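Common to both upcoming complexes is chain A, partnered first by chain B, then by chain C.
Let's turn to the complex of A and B:
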């Protein structure tokens, strides 16, 4: 498919209702979307529940547009306040859920039913994000108490806190592990992104990406890595997206940690806070913002500037009736995107080529 | 041990030391805030995409100063609350400070807290936000700011007031919701 402006359209496949309050985030189960396993994702809401959604398997593998989605489970009666975000373990068997009630719950899929098998306590107030590392051995959480916690998964669904990381000066909005390395990234109301790595189980902040590094000038709400993990994109209340790359030419530090540096800033496209950003495996960056629009960006290989730049591929205005809090590309072959909004709905979209009249 | 979210709202409790105390004066008449705002939205001129509105006073917002216990150390004495101030007494005046853009479904409110009081500004801002949330159609975007140079921590207050996640968490604190509801109650009569 050609990736230039005007070459694609965003088709709405389905609008999913069910939550009774705003939907804050959604995450695809990474172990789904194969020939044997239909796509599954989890959504988190101000209604204090998590909903699990599954695509009905369709008879023809090419007709993703014709398959519908159902809510398979509602994880309720556990959290007493907003459920803010969640994260699937790499195997897809466990779901960690972060809540404003200051706890993180761990759920296990037991033959189609979800059971809460563990509750992690420790944060002083709202937990805002949770993330599993690539091997499923570590879990990270963060929250308004400005701290980042690292937990080790033990047998029997036990979790042991191995580190409480202080460093951010404000509310931490999101944590995310690097896709391959055991390096943790956090972004915050303090306008910075911090990078945390361990030296023999001693976790430290090894880098801070702030304004002096061409960083953001307001709250950083989210970050996402490209497929190979050598680039990341961050989004902010400062109305920009920033692209960063791992500077592999300077692997000079003692612990072998390669620092990140600013590559470019995508500015002038958003007029309100950008809450979510996600980089697809093909290199398409999707953003969800408080102006109810979804935007797609790709690298501009024909750009005339020195160094990489990014261009707008498509803008879907009024994608939802209210703020968009989360956008996530699905795993698997199809170019499916799910979006979650303050309007209480989730929408499933397909980014498709425009029909040129020459056939497919 | 699950910590109780007594102190869940940073807006109220962080700047405790700024709490002002003075003798309450007589209450003013409360006007109907609800119809006031509807008038703002509905009475824009045709053809104008942006309407600058004249002087307006937010009437009818009673603020009760309440101290609550904190998480650290032992619980403090809960002081006898209630020195109610109306916003008129605090002279929270909006002058040329309500921008309503009907085409974009956007409202910006800029208010002056003449009492330079950290927690007061955020409480007032929160009350404004709740009132607008309950009065405006759901698709309106609202920005709430303090008038530039009217407050020592202007950018910090603005940032907190416009962080949707922080506002949402604050409004899950029943104590704070009660306070806001009490402040806004006269405005629904």
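Let's turn to the complex of A and C:
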């Protein structure tokens, strides 16, 4: 079902206001967006709060794309500085929140109310990103102290530090677990992406994707995996997106770690820093950048002569009034995208196919 | 003619003679001062390393006592990390300051210490721990 081979248009469904400072990131609750559960996402901001937004169940399914969004909860009075990032556990019950105040808080959804059930302390200063692994047993955090921390969830919302990893030479911008494997990825101001895997509770850097391996030449801001987890996209201050592939054919190491290799570079489309990138389950890559625009890329099936390549599907100029810090595809059937910006707003978009039969 | 040359020789070489004299004197001074300074730096750095190692050793001894009193008090993982810290302190080449593993061992100790503290939820800090600059950024 390659709808995106035809023309597409991006429709703005709603602009959400509420945060009183720049919105740094947002994340969809992965357990929502089904017939019984309306879509939910969390957003976090320089105003030190997290807001939980929920889609109103629409009266008729035909007009569901026009259903409105409400702020269901505000998580406040816990962090004393900017909240930079958050992550839902796979079950959608817990929300981990990373703040510049050097702590990470864990919130539990108790019948619609959110309670702070745990606080993780350990980073020396600003925590920049947090991520749950696929099974919800491990949590990773990273920050300005150049370290990456791995925590294990214990019964009773206790968290035990499994490992403190030092390897990056600068500020670590983002951590993200592989969608199926317990392999952790981190990207940094030192221009590299590092891959961490464990060998009997002993976590080690197993690969560094840097400039010598066709990597980025400036800060790597974010990364995202495709649905199956055999490809990864990274975005950078060097104005490019890079696609990487897991080389599962060369299972050379004994522990079965498959190294990643550079597949192609999407260059020439961005002229300002790319802060966010997200790969949809359908294979559409969305990027959010400092030029206030959102761009969509898909694999170019015609250009296989020189290896895989990606083409621009659509560009939305002036999607926001200021830098776009985060773009995230929703779970569920609808092709919804949420974007968060320095302008303090969140926008909900729908990428719709133009199936008007106008002979495109 | 030869006598005239000899007569002027000492004055012609005056500059070089003084230069050599001055150099020898300066070299001697430098040698003495350098040794003195080196000794001071050595004392300072050695003291700092000893202080930090001692701090960790103290923590390890207290934690190990806790484990002896109540073996279930700390999780297996924390106990393992304390044991690893113990090994690292023992491994630190105190008498061999030029050993290349010095930094690696100290870094390993610091990381394990932070991990143990985070899990035990205690705020212990070695006062001399090198802090990163506190300027703001995003």
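Going forward, the second predicted complex is superposed on the first by the 346 of 360 C-alpha atoms of A that agree within 3 Å, B and C clash if a C-alpha of one lies under 4 Å from a C-alpha of the other, contacts with A are read in each partner's own complex, and residues count from 1 in each chain.
Here is the rule we go by: contacts are C-beta pairs under 8 Å (C-beta built on N, C-alpha and C of every residue); 3 or more make two chains touch, one makes a residue touch a chain.
Only a predicted model underlies this, so the values are computations on that prediction, with no experimental measurement involved.
Asker: Identify the partner contact of A:290: answer first if only chain B is touched, second if only chain C is, both if each is, neither if none is.
Answerer: Only chain B is touched by A:290; chain C is not.
Asker: Which holds for A:144: it touches chain B only (first), chain C only (second), both, or neither?
Answerer: Touch status of A:144: both partners.
Asker: Please indicate which partner A:161 is in contact with in the superposed arrangement: first for chain B, second for chain C, both, or neither.
Answerer: Only chain C is touched by A:161; chain B is not.
Asker: Under the stated touch criterion, name the partner, chain B or chain C, that contacts more residues in chain A.
Answerer: Counting contacted residues of chain A, the larger count belongs to B.
Asker: Touching A:230 in the superposition: chain B (first), chain C (second), both, neither?
Answerer: neither
Asker: Regarding the shared-chain residue A:201, is it in contact with chain B (first), chain C (second), both, or neither?
Answerer: Once the two structures are laid over each other on A, A:201 reaches chain C alone.
Asker: Does the superposition put A:125 against chain B (first), chain C (second), both, or neither?
Answerer: A:125: touches chain B and chain C.
Asker: So in the superposed three-chain picture, is A:245 touching just chain B, just chain C, both, or none of them (first/second/both/neither)?
Answerer: After superposition on chain A, A:245 lies in contact with neither partner.
Asker: Considering each complex separately, which residues of chain A are in contact with chain B in the first and with chain C in the second?
Answerer: In chain A, positions 121, 124-125, 144, 171 sit in both the chain B and chain C interfaces.
Asker: What residues on chain C touch chain A, complex-wise?
Answerer: Interface residues on the chain C side: 75, 77-78, 80, 107, 111-112, 114-119, 121, 123, 131-132, 134, 137.
Asker: Contact residues on chain A for chain B in the complex?
Answerer: 22, 46, 81-82, 84, 100-103, 121, 124-126, 128, 144, 171, 173, 189, 218-219, 237, 272-273, 290-292, 321-323, 343
Asker: Show which residues of chain A lie in contact with chain C when the two form their complex.
Answerer: Residues 120-122, 124-125, 144-145, 147, 149, 152, 154, 159-166, 171, 201 of chain A touch chain C in their complex.
Asker: For chain B, which residues count as touching chain A in their complex?
Answerer: Answer in residue numbers: 1-3, 5, 7-8, 10, 71, 138-139, 141, 159, 163-166, 168-169, 172.
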